[in-house]
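Note that chain A is present in both complexes that follow, paired respectively with chain B and with chain C.
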Partner chain A sequence: MRRSPIRLLPVKTLVYALLLVWALLTILPLYWVFSTAFKSPEEARGYPPTLIPHSFSFRNLVQVFDDPQTHKSLGFKPYLNSLIIALGTALLTATVSFLAGFGFARYRFRGREVLLLSLLFINMLPEMAKMIPLFRMFILYHLYDTYLGLILLLAAGSAPFSTWLMRGYIKSIPQDLEDSAVIDGCTRGQASRRITAPLAAPGLAAVAVLAFRAAWNEFSAALILTTSDSVRPYTTAIFKYVKEHASVDWHLLSAASFVSIIPIVIAFAFFQRYFVGGLTRGAVKD
Partner chain B sequence: MSTPGLILSRRQTFAFISPAFAIIAVFLVFPAVWALYLGLTDLELTGIRAVMPEFVGLSNFVRVFQDSFFYNALKISLVFVFGSGIIGQVGLGLLLALLMHREKSWIKTLVAASAIAAWIIPDVVVAYLWVAFLDSDFGLLNRGLKLVGLGPVNWLFHYPLFSIILFNTWRGTAFSMLLFSAALQTLPPSYLETADTLGASAWRRFRDIILPLLKTTILTDVLLITLWTFNVFTPFLLTGGGPSFRSEILPIYVYRTSFKYFKLGYGSAISTVLLLINLAFALVYLQAKRRQKKW
Partner chain C sequence: MGIGRRPMVGYLYILPLLVLLGLLSVYPALSVLWMSLQSIELANLGAAEFAGLKNYLLLLKSTSPTLGEALGLSFLFVFVSVVFHVFIGFSLANLLAIPWVKGKNAWRNLYMISWVAAGIVIGYTFRFFFEPRAGVLNYLMRLAGLAPRSWAADPKLAMPAIIIVNIWRGVPYSLIIETAGLQSINTELYDAARVDGANAWQMLMRVKIPIVKDFLLLDIILDTTDTFQVFETILAITGGGPLHQTETLALYMYNQAFRYGDVGRGSAIGVVLLAISIVFAVIYIRFFRPGKEEL
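Entry: the complex of A and B
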């Protein structure tokens, strides 16, 4: 039974208004920068600012990648570096956290909860403090300025939360299927890979997307632990770009920002359904 | 509840969890322990103390607790965490999730998409985006204020703490909202329908049905958000901690001490104190969770 529409209407309007205001507030700064990405340099700098680009063009986007005249471009390389690092991190994180999550979900031992929680808290020392030891470590083991070093570090950073999420997810999968596979001659390892992993796909997708996002967005570690253009991800490349071209070119900066969010938007758009499902079963139903 | 029991042998379990633990040990625990040790030394980035740091015991910590910059940063951090973390991300995230819960329309898609958009974008981009948005000449916010006859306001200069709270709320609300939305989906619709039939008010529905079922999720979210917000460094890209330290949260103070004044040992000691504060929050959380007897 529904309440009378007379009472329902103002509440509903209010709810809609609140949500709409929030959505607008969220989108506005985004819109502001990303519309600037398509403006001409004059228009971007001009006053009063324009809401809709008069001179809509893709020139800035092209200029981000290649600009033979001013050499004020970032090039493709930083984006390629970021893509390699982020994909590597996502893959490694998904693998190790699936295995660890499986171990935690299917085996009971004393102190398991404490171990699991200490996993979550371990990452809580401020990043800046860990940079000093990490810098020395990376030099010592030739991980400085390599893809591998960053991937390992970023996967380690994502692993605790991901393991926790995977463990929750795998716990929600009945283990009878694995048991029967084992009776039919599989090892536990094979069963986890062939039976559990496909069933845990949404959880794995959630974990991979989270790790991808973290790696794609990483800034301070990349700033301190990379130095060459052949490894440097685009986040620090943009930072360097702004530092070197003291006068901030809003139109170029906006264009670079716009380009930088494309992969992450694709990843989320593609996996969003799994992502929410994975969070639900992994984190909520624990 | 089913009890899995001893499915894997001890050795098998070890094999499953060891890859994750190996990289965590090498890349998280080891540097963290090293950093804790550095807090007990007078290591600096340059000069004689860069080569031969001395073990100074707890004297760094004695200094921390007499350091007015530390208390300033602690106070600002607490306001920042409470404002942008608890009220902003958790509170607003919960409110949005509740408002959206039973709507099935374009507005739900719009709110979710915009919040996710704000959340997935790289820190560096977001920081520049906000610098641009708040800029006194170029920024859209001041342009909007001008339309209604206000401003322009130099936000980052006059209201630095408010600016970074706004920024961090904008930035992170999506995570809490998604988590709460996911939790609300597990709530049996019949509960709320029954409450509707009985004519329960929105507040009663929230207090008697939703809150008890969301308790664990809210606790987990509060903990995660508190810890993340305490450690977040991105406001540095907006205000650099200034002007005159008015937005200097603890991680920025650590950065200033370590990488601007090069006092690595002292910076590590401040980090250790920050870690202890986080640990205190974690313990409160554990207590609260234990009281629920969920495990």
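Entry: the complex of A and C
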């Protein structure tokens, strides 16, 4: 059934050309930001835009972290805040969804099916629509402008999908392993921690990375539910920075963007195989 | 069930999830319905008065822009975005499903970048890209001998501009779902179709699409609900302007509630957003309701 190489050659060229076109379209705007991050302020502002920075330096990347009180910059604090919020969210989401996934996969309790379907439903409730009641609630219960409030909210956002994903993963792990651990004297709880959790590690990694990304990139909840520099993540700090300065300093904004994208891209490239596998296993029918 | 497994214990495992979702998802979603029927100001959240349908009536008639206008913009934004997402995502997934294509993971990783980066960062990236004076797009326009434009500030161009950004951003999501769909096809089917002499087009229409259509539908539903939520990319590029031309529902709600301080009216817009999502959620669950054996 193999076609001759001569007929395949133009097809191959076309296929790779199409893949390359989308790759270039993806890269082009980002490339501009990334290269601007290394340009001098004059070059970043200048016309025509330069493809490769003439004045290549790491100065902007350092300046981003300068003290915002004395310099025009973002400071280190917003990134630290984002990191705390994103790690907290990833940890809480992984814990809650592992437990719930385990419960749904291993126990047949009343109302289980309805609850599982409700999770799909809850997953589709729009975040923005919930913001007004959340705003009032957060002020009332002192969760407004706290790490804890944001972490709880963002974990609640990631949890329904993550639970489905974990449940699928745990179902694919044979129960016999836990049963024999119980015969050997473990309690059920110990068996789930010592036997099932390590085997579900790829699923947990997928859940944690997805929750981390969602929290690292979160904007609207941070905009509405935080107000002080001690909690505000980098996303709304960038927004505030642009709003407060009449003219946008593209070299600095680009450097701030560059700093924010690098960790998440590395995390994704590293975990990609877990997470594409995990997505397809949990998202659609098994 | 295994040894010593009491069904009631299952509730203990799901309890943290139920508490979390009950307080931070279900309660606010119900609460916004009630708040939309009240007169509430941001400056004085404690003082709420029952107002019936007043907020909705004001939104329909005398708010500028009206709810109808914001809905119209949202539908346009969502429809065009989703059509392109699904078309480009499915095309790329098909190209990456060809057996002899090399570096599949590398291509996929590269495409993912636009989805992985934060929306606000993407927004400013494109604001920079569209910048009238030093922006790259106008530079390219001049190179091509065309007149430069102020993309984000022109009432006619602002909507197309944010749609293009959103298309750019959302393609990887479709790509992942469609890739999963194509991977679910048994390769023996391809061989069988090839033995029967099917060409590439027939293969697409008769083998792939019928099998992948569930995934296409899944993609369309999830992407539609997601696209109605798009907020910060638009906020960064146009802020909803010029002349409210890019003020989609999410921005409209934010502006009414948190910029103009009319929480009751904002809640009513929130309810409209909620209603749209619920329609799609119901379709989603009806189509994809997992079989008994899967639950």
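Simple rule for what comes next: the second predicted complex is superposed on the first by the 260 of 286 C-alpha atoms of A that agree within 3 Å, B and C clash if a C-alpha of one lies under 4 Å from a C-alpha of the other, contacts with A are read in each partner's own complex, and residues count from 1 in each chain.
Simple rule for what comes next: contacts are C-beta pairs under 8 Å (C-beta built on N, C-alpha and C of every residue); 3 or more make two chains touch, one makes a residue touch a chain.
This structure is a prediction, so every number in the text was calculated from the model and none was measured.
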| item | value |
| --- | --- |
| Superposed partners chain B and chain C on chain A - clash or fit | clash |
| Contacts of A:Ala100 with chain B and chain C, given as first, second, both or neither | both |
| Chain B versus chain C as contact partner of A:Pro133, first or second or both or neither | both |
| Partner chain in contact with A:Ile183 - chain B first, chain C second, else both or neither | second |
| Partner chain in contact with A:Leu116 - chain B first, chain C second, else both or neither | second |
| Residues on chain A lying within both footprints (that of chain B and that of chain C) | 1, 15-16, 18-19, 22-23, 25-30, 32-33, 36, 45, 47-49, 95-97, 99-100, 102-104, 106-109, 113, 117, 119, 121-122, 124-130, 132-134, 137, 152-153, 155-157, 159-160, 163, 175, 178, 188, 213, 216-217, 219-220, 235, 238-239, 242, 250, 253-254, 257, 260-261, 264-265, 268, 272, 276, 279-280, 283-286 |
| Touch list for chain A against partner chain B, complex | 1-3, 11, 15-16, 18-20, 22-23, 25-30, 32-33, 36, 45, 47-49, 92, 95-97, 99-100, 102-109, 113, 117, 119, 121-130, 132-134, 137, 152-153, 155-157, 159-160, 163, 171, 174-175, 178, 188-189, 192, 213, 216-217, 219-220, 235, 238-239, 242, 250, 253-254, 257, 260-261, 264-265, 268, 272, 276, 279-280, 283-286 |
| Contact footprint of chain A on chain B as seen in their complex | 2-8, 10, 12-17, 19-21, 23-24, 26-32, 34-36, 38, 43, 92, 96, 99-100, 103, 107, 110-111, 114-118, 120-125, 128-130, 132-133, 137-140, 143, 170, 178-179, 181-183, 185-186, 196-197, 199, 202, 216-217, 220, 227, 231, 233, 250-251, 254-255, 258-259, 264, 267-268, 271-272, 274-275, 278-279, 282, 286, 295 |
| Chain A to chain C touching residues, read off their complex | 1, 12, 15-16, 18-19, 22-23, 25-30, 32-33, 36, 45-49, 95-97, 99-100, 102-104, 106-110, 112-113, 115-117, 119-122, 124-134, 136-137, 139, 152-153, 155-157, 159-160, 163, 175, 178-179, 182-183, 188, 213, 216-217, 219-220, 223-224, 235-236, 238-239, 242, 248, 250, 253-254, 257, 260-261, 264-265, 268-269, 272-273, 276, 279-280, 283-286 |
| Interfacial residue positions of chain C with respect to chain A in the complex | 1-5, 7-14, 16-18, 20-21, 23-29, 31-32, 35, 45, 88, 91-92, 95-96, 98, 100-101, 105, 107-114, 116-121, 124-129, 131, 133-136, 139, 168, 171, 176-177, 179-181, 183-184, 191, 194-195, 214-215, 218, 222, 225, 228-229, 231-232, 235-236, 249-250, 253-254, 257-258, 263, 266-267, 270-271, 273-274, 276-278, 280-281, 284-285, 288-290, 292, 294-295 |
